[in-house]
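Take a look at the structures below.
Here come two complexes built around chain A, the first alongside chain B, the second alongside chain C.
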Partner chain A sequence: MRPLPYLELVCPAGTPAAFKAAIESGADTVYCGFRDETNARNFPGLNFDRREMGDAIALAHRHERKVLIAINTFPKAGHPGPWRQAIDQAAELGADAVILADIGLLDYAKRTHPDLRLHLSVQAAASNADAIAFYRDRFGVKRVVLPRVLTVDEIGQLTRAVGIETEVFAFGGLCVMAEGRCALSSYLTGTSPNSQGACAPASHVRYDEEGDQLVSRLGGVTINSFSKSEPAGYPTPCKGRFTADGQTSYLFEDPVSLNTLDILPALKAAGVTALKIEGRQRGKAYVTQVVSTFRAAIDAIAQGIGTNAPAAAALRAISEGGRETTGAYKKSWR
Partner chain B sequence: MSKAALSLGPLLFHWTAETRRDFYFRIADEADVATVHLGEVVCSKRAPFFDPHLPEVAERLSRSGKEVVFSTLALVTGEREMAMVRGLAEMGHMVEANDVAAIQVLAGRPHAIGPFINLFNEDTLRTFARLGAVRAATHPELPADTIAKLAKARGALEIEVTVFGRLALSVSARCYHARAHGLAKDSCQYVCGNDADGKPVETLDHQPILAVNGTQTMSHGYVNLLGELAALRAMGVTRFRLSPQALDMVAVAALYREALDGRIGADDAQAKLRSLAGPVPFIDGYYQGREGLAWSEAAE
Partner chain C sequence: MAAFLEFPARLAGLAMRPLPAAALRPLLELGLALVARRHPHLIDRLKALGPAKVIIEPADLPHRFLLGLAEDGVRLTLATPEDEAVAIVRGSLASLIDLMEGRIDGDTLFFNRALTVTGDTTIIVALRNIFDGADLDLVADVLSFLGPFARPAGRAIAALDDFAKRVEREIKAFHDAQHGRDVEAEQDRLKSDVADLKARLARLESRRPGAGSPA
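Take a look at the complex of A and B:
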């Protein structure tokens, strides 16, 4: 057993290869989803069918690690089948918990599988003690993944107030808007991250050469434009360049990634149970590098050694645009 | 045909207290709407400006026969904002929950579910009804067939659909109005007050696309479901929301009332709304099951 309090490292896996890499790199827990619209990373070529999920769970349990299954989109009206089936399968396969966002689906899970451990997805954006109490009291939710809208101080207050486990994002792509409460992508593409599980789907992305510029578009709408010397970012609407009052800027957020390596001790002191690495859409190499770096950092903190500066520098190289932020964890971000 | 009530949604923009008060006085005296939503939805920092006027405005609206509903913040963080939600719940009016925190506070007594709550399916609707919801406003992303399914499953609950105004597309902890002015939320100087209808946002190739309203990002176009009112009523939708914009909302309400009552032809109604809305385009893409910014030309 790890000594308590201990920061649990929760790592992404979009493929069986990434899953194995996460286990080998020191993940305590791996989260993944079924290969359909029931999870919020519903991209082509990603995720697990039933057999792969069973194998992954067996592998994790052999190594005494845990598996969480994300079923965190919102079921379509008149079409609850795939979501209910995903929950039934997660229970049958022995998942250690399911990560849910939809209130109707939480109700189904609690009624149908009373012993299945429920985590609240970040897609529910439960950002305060009363909202978290709602999910805790009505559905017996045991852990909440906090939306990326809170400062470290607020996370500490919340964690003390709610009496259930909290999990926070530690590294990776950064939602700028409250998660599960953003329709920017569906506004431009008609495809909703909430319902269909994909923000800015590649099928709606275009890069057009116009003169000496590369113009990125989503749903035909210009999101950004790059000179030949600039790295061309992916056209996620909240990371685009727009004009307001005659000024062109990254109006919502610069092309940056979340990296909390420098504030891990503060997050631990705030009482969080688990650190989550974003990136089920990323490859095995990414998972290996990020997970092993965070493994080392968490172990160093546990031993009172402090954080590891060279490792932090190495992670910077794989951040979006090579730039990082601690996001909403610092109040000045707002 | 079922009954059809017009409802004025909460004012989402940061108008001065006096402008806001006079707006509601005129609504009380002249607008043919059944329900008026009060309450700050976007930013808790704005609320103190209008708080002194709230009792007077609520009373004037009630005296003119309008139901007053208080809408909560759409994104609640911290003890102070939770206290704001609890405060609304104690005012003796119907409260519309826009954050799940409010559902926790209101459970067990009649309340409304606002359009900022993720209500996508029948199971969620039934769960809300069990907890005391008597009314639910649909999420802006929902297409017609989903609205129909929810309306069919509504039981005793009333379903409300936003049929006019800019759609709120996202909420954030960060204030984009402040950011656009090189400020942060804590030092914002209330610059959101400069844009009575939201701050226009264009793409790099000058396509008007969004409107920033503090921590909220909105559609550039006004949603226009004027031509869909009969279809919505046939589904069982009984409440129709007009989201306030900086234009003649009394005239907009009168037009929608005429359309609901069948006193104006479709083409006339569209032409009138076009002249009221000025240069801002209309959208109805979500309703049509398409990208939200689309507009079905056939309707114009």
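Take a look at the complex of A and C:
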């Protein structure tokens, strides 16, 4: 049995190859989803069929690592079948936990698979003690993935108040801060991450080279225009550059990646159990680089050595827009 | 053959540049057949994406390639100017090979503007994810053609790759040693410029109406 990690490193896998890369790079836990709309990374060519999921779980368990299956979209009204089937399959295949957001599915999982460990997805947007206590008491949720809206101090207070494990995002793409409730993508494409599992789905994205500019469009609406030397970002509505009052700017959010390498000891001190790396849609090269960097950083801190600054700087190259932030963890605005 | 081999990619680029279309066509067919033999699951997933045609455009080669995806098979041919495709992906040959082998993350290439995609984004995202998940190793796949000689040939290529990387490192070290002074001088110039600008800003601030007056 592996000893309890200093901070549990929870890593993404969009393909079996990325899953293997996560295990080899030092993930304590890997999270992934089935190849359908039951998870919030329902992208073409991504995710696991039942056989691949079974193989991945077997691989992880051989290495004494854990597997979490994300079933974190909200079922269509009156048609919970595929979501319930995904929970059944996760239980049958021996997943260590399922990550759920919908109250109906939490209820179904608790009633049907009482031994299946339940984690509350960030998509549930539970960001205060009362909300988390409800999920804890009603459904026996053991861990909550906190929305990216809280400071480190607030995470500490919340963790002490709720008495269950907290998992926070440590690296990767940022969402506009209304997780599970963001419908921006729906207005332009008719689909959203909450229901269909894809924000700004590829089917509605177009890139056009117009002169020296790369123009990204979503559902026919111009989202951004990048000059030749400018780093690009995702074509999601929240990362769009729009003109308002005669000024063109990132109205909602800059294209930038979260990076918490500098504040890992503070997160540990706040009582956080697990660090989540975002990026099931990213390739295995991303998984290898980010996971091995965080593995080394966590191990170094646990041994009192400190972090590896050059490795941390190298992550900037794989960040959206080539920039990083500590996001709300160190926020100075109110 | 899991090591990162740059040399074969460069060699392929150099070899393909002067090759006439007639000579390249059978090589593409053979290459795809060798990949298909070792990765049948990859081919099945590619077939399921069809019917569709995608143009692959290595920016540093005079050739463009047409990837045809259909229920009855996957084809890789040279693209003609008349060919129509649902999407075009463009990048350096090395980047495209890295992407196919999953050695680099597609989003990273996109963020850094090393990859351009036009047309149907769905098929490009699907291709990217399917290739990334396939654990492709083109050198090993091509060398598998040599049967029992694949292993010694692989060792020879790895040795050549190692040699090429060492030469590159030496050249870079020599270049850095030659230009190190220039970088330091440039840093000093920039520091001096910043100091000047700060001084000018302070002067302008002091001339602002009301500046320095008690609130």
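What we mean here is this: the second predicted complex is superposed on the first by the 321 of 334 C-alpha atoms of A that agree within 3 Å, B and C clash if a C-alpha of one lies under 4 Å from a C-alpha of the other, contacts with A are read in each partner's own complex, and residues count from 1 in each chain.
Everything that follows uses one rule, which is that contacts are C-beta pairs under 8 Å (C-beta built on N, C-alpha and C of every residue); 3 or more make two chains touch, one makes a residue touch a chain.
From a predicted model like this one, the values you see are computed outputs, not experimental measurements.
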- Who contacts more of chain A, chain B or chain C? B
- Query: With the two structures laid over each other on chain A, which partner does A:S292 touch: chain B (first), chain C (second), both, or neither?
  - Reply: neither
- Message: For A:Y187, using the defined touch cut-off, is the partner it touches chain B, chain C, both, or neither? Pick first, second, both or neither.
- Response: first
- Task: May I ask you to decide whether A:F252 touches chain B, chain C, both, or neither, giving the answer as first, second, both or neither?
- Result: first
- Message: Quick check on the superposed pair: does A:Q85 touch chain B, chain C, both, or neither? Answer first, second, both or neither.
- Response: neither
- Overlapping contact positions on chain A, where the chain C interface meets the chain B interface: none
- Query: In the complex formed with chain C, which residues of chain A make contact?
  - Reply: 14-18, 43-46, 201-203, 205-209, 214, 226, 228-234, 281-286, 317-322
- In their shared complex, chain B is touched by residues of chain A numbered 74-78, 80, 101-105, 107-108, 124-131, 133-135, 137-138, 149-150, 154, 157, 176-178, 180-184, 186-190, 192, 194-195, 215, 219, 221-225, 238, 241-245, 247-249, 251-253, 328, 331-334
- Query: Along chain B, where are the residues that touch chain A in the complex?
  - Reply: 74-79, 81-82, 85, 99-105, 107, 116, 118, 120-128, 131, 140-141, 145-146, 149-150, 153, 167, 169-176, 178-180, 184-186, 199-207, 209-210, 212, 217, 219, 285-286, 289-294
- Query: How about chain C: which of its residues touch chain A in the complex?
  - Reply: 45, 49, 99, 102-108, 110-113, 116-119, 121-130, 132-135
